[in-house]
């Protein structure tokens, strides 16, 4: 078979040309060469990855991608988004199809250590909860014995759910789907009594129901779900760029810098602010980025609070409270190490 | 080798074997070289893929091997034919998925065959209306993707059913609702075993009656209503035993409690939708096969049978069907194979088949893509090979019978 | 009975004003024919003249639409019982043999006796072997039709019909699908059958056969019986100009 | 024996009303017996009772044109849903200002196909070359852009029917040469070549397309050297092409088997080499015979493209599902699926008619 032979030869040729990408800095080089950050995101998912009719993306997870692009290129639009299902997401990152996975994925021990990936930092602290129809008159998850539960397959949610029901000696019927909108639709149509997912998703799912007012989120939170971006293991430089791009948004909120007042703040006397905005030496540390990288992020994408409110908070249909995602100063968990 | 007896004085100048062509012009040598090169090429390609995969897996810290099959799965599955809990292993998950696949395939084959044969015969009906309806059915169904049909049933039609609390109920025993069809499930008492044995005995008896009737027919020409007797025996004998042993069977009657029905047996809507769509889709193809199979038997055959005095139904039984089957069976088997492969579309509606729970969820939870996809493909390959082995055997047998 | 048949010959087949249409096409036009028991009739005529249709009507492979067909005293109509009864009495041999390819020669012969006449297998097989011997192929009994030559197949087909012990035999161009060297073996079989006193209606162009065994020859054209006469008269002195034309064409060959 | 001669030629009479004409037709085809009459009546009633409400819902009471679900007021089918999303269903998120490019490609495709299929059109050979070599290039340049001053449209903006057609056409065209090679290989006298081809063909034919797509989306990246990445659409296309080539190989093989041995011998006798003989004598005949087979396998490929929605590509079916899952248009699943079914049906049915037509004309010319 001639074709197979040609294939083999072609394969060998390409193998000899392919560059080993293991060394630190390779990702940044590749990103610069592509002139864009290849960012893996969710399939359309209100609040975290919205897509309008023209195909433009916005949302909390999208902002992380944009922040990284702003830090590297000074242009938040130099991002190439790839929608990924739960199943594809890690493979896509592992194979280099995307440079960065910002797809509300939970950081866990096994994912951080066993899959060649590194969890960057939680950009949204979440917990798994339950959404039920009001008509069922259920007040607590403990009353859910015997219920049919809709879940997205291949998620930590699926495992937590089984654990929770087992721990409480209750029975359930799992109804699983690959995609989130299928889960929501099944719940809406009455295929199941309960929809379980991260609470952020529950709120987001609720607004896509026929009758959003007819469903309530139960008070129980059965798991810790720190959601955040992932990068490939083995390129520390890239990990640091992504991690600190996200911290920059949190730090900006902490320092009171917003996209609106960023220019004004460059004139601030506070050395922390000056350092942060690149007006004074020392802020850029050793990242291979422009001195004003953090300024670019805040100016072009906004601080964490801005991003949160317009994506999932009061400025959005989801109206999620900051809760655990408030700054540490306000009793939440969002905390950036100092920029010095 | 020259034989001296054949030519008394072989001329010395003539070689006794044909002269050898030069190496490159010898077709055998060329073929050999070509094949060696090909093997090397494919070997290199495989080695290339293999080494890349190993390297990639290694770099990502993914352990290879089948150890994961012994680890607990941790997730639930809607429909399990064998005992399964969240604490069961991934190996068990594989089995559960495989059985669910085989369940749909088996039921689908039965329904598709029944529907397909009916439509195929209807297509040949003398009643114009029936044959037209069969034609419209065939031409509509087989030109619409099966996935679309599955989704249509699951997403558009089944949700129109009422919720569990407002189920359509039949005699308070059967309930049809959004979450499936709930039926009473049997609870067997130990004495039920007698009914079971009676059933086996009845099968044997029916077989014996069949043999006896055939022997008698051949001996005396008397015909005996074998089919009805056999049906009577197979139903009657276990039934009598059942009552004689004191009706050792109870029914777990479903009752609405809490959110869902408790007790009984629920056929989940995913199964219903998948079965409906695949049976109907495959039936459209089977109908065409049956029609063309029956039509492939020339009119002369039934005329000859008729002229010998055989009634139309006997003609069908003794002359047309045996010949049509030889055209039908190979194509039918390949439709069965297609149906089996199409059960994998269940993943689109969350039916827990092999592809869904194993190549889907398990892959996701473990990340062992290579092993899992490999195992999944192997299962389907094994099924296909078994079926095509059967086909080869059948074709060979038929070739023997025909000539 | 005996005397009665002698004085007034028994009519085996009788057609009265039979008409038939295929769609708009008028295939049989007012056909009238009486066949006495033991008579051998050869039917000839150009293709499309309705000769095959006529004999196919006699065992109701085709339905006539007007007129009467009476076979062995039974009128052919929609009554299934009548059809059954007539088909048992009337054997038919087809142009393309129509042997059942999935059954052996012996099984082909035994099928109808066993299922229609309800004869035990042993008896049916014995009869079958008898007839296979008569058509001179008993040693092929275990073979499948596909393994036989055309001439052999046609002889099996004749034997198969005879196994039902019919009183009337219909032949629908039995030799026209055969290679020339095989025609003779089939004709010989037919001649032998004729000599045994079987009532026969043969659609054939084998003039030699007609001259040897036929009591009369029927010439059909355009759905009509144009001429009917003894073979001698018909071949030597055809009356109708269309018969003459037809004969000149086939004899000119 | 009474000699009998008739001198009068009877005229051909028209059949009586009892055998010809609508009444006779109905008696024969609808009311031939009591059972048949009952069946006919029952069926007519059943059709009427099912069809009337459906026609009422789908046509008479339906809303056709509007801008949002509020325009669906009459209680029948809401075709407004389809009307509003028509662009999405046809080309996905392809930028509004560039849609003309997809239309142009479609127009070229239609003209080319018409040229190929209509017998009267001359220069068949050039049209074939255009269809197989030039058209894909033009189509790619037009659709993808980034040259000749056309703005680049990335493949993740391709969707709807456009994507369905791209996958199906690329799948069949790319699989074709591989399929021919595999078919020749399977009939080769070289045992190793034959074995390899048999294994290749049987493996791909033995597994469901879904697993192939999973493999291409999850495993293909593992097979390639690091840093070498192929986009999602291309990966799916690789999988589909390999899958399809195995099926095409079997179709082509059936054509090769149908060529009489004499043709091979004649080619050899004329002194043609293996490849010359194949190219000039055998393949042209074999491929002509298998046109219906190729069209049929294209039909199944066309239907199979719907599977890509499972790996997250937005083909026709996926865009429709996405549209009625959005909160603004909840509850129009039936309309959406019926529209999708209609589009698929039109394509598949017309292709199958074409293949039957070719089959018939082949039968008469042979």
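Annotations for the structure displayed:
Letters A, B, C and D name the chains as they come in the text, with residue numbers starting at 1 for each one.
Here is the rule we go by: contacts are C-beta pairs under 8 Å (C-beta built on N, C-alpha and C of every residue); 3 or more make two chains touch, one makes a residue touch a chain.
Predicted, not measured: the structure shown is a model, and the values here were computed from it.
Setting chain D aside and leaving every other chain in place, the chains that still touch stay joined as one piece. Averaging Cα atoms per chain gives one point for each, and the point farthest from that of chain B is the centre of C. For the pair chain B and chain D, the distance between C-alpha centroids works out to 25 Å. Between chain A and chain D the centroid-to-centroid distance comes to 41 Å (mean Cα coordinates, whole Å).
With each centre defined as the average position of its C-alpha atoms, the distance from chain B to chain C rounds to 49 Å.
Distance between chain A and chain C, defined via averaged C-alpha coordinates, is recorded as 88 Å. With touch defined as above, residues shared between interfaces to two or more other chains in chain A number as follows: 1, 4, 15, 22, 87, 91, 94-95, 178, 182, 185.
Multi-chain contact residues, meaning those touching two or more other chains, occur in chain D at positions 193, 196, 218, 221-222, 224-226, 310.
Counting partner chains per residue, chain C has no residue touching two or more of them. Applying the touch definition to all chain combinations yields A-B, A-D, B-C, B-D, C-D. Residues 28-30, 32, 36, 39-40, 43-44, 47, 189-193, 196, 202-203, 205-211, 214-215, 218-219, 221-226, 299, 303-304, 306-307, 309-310, 317, 321, 333-334, 337, 340-341, 344-345, 348-349, 352 of chain D are the ones that touch chain B when the two sit in their complex. Only residues 1-4, 14-15, 18-22, 26, 30, 43-44, 53-55, 80-85, 87-88, 91-92, 94-97, 178, 181-182, 184-185, 188, 207-210 of chain A touch chain D when the two sit together in their complex. Those residues of chain C lying in contact with chain D across their complex are 19, 21, 23-26, 29-30, 65-66, 215-216, 222-230, 233, 239-240. Considering their complex, residues 37-38, 41-42, 44-45, 48-49, 52, 56, 59-63, 74-78, 86-87, 155, 159, 163, 178-179, 257-260, 262, 269, 347-350, 352, 356, 360-361, 363-365, 367, 369 of chain B touch chain A. The touching residues of chain A, when paired with chain B in their complex, are 1, 4-5, 7-9, 11-12, 15, 22, 86-87, 90-91, 94-95, 113-117, 136, 144-148, 153-155, 158-159, 161-163, 166, 172-178, 182, 185-186, 189-193, 232-234.
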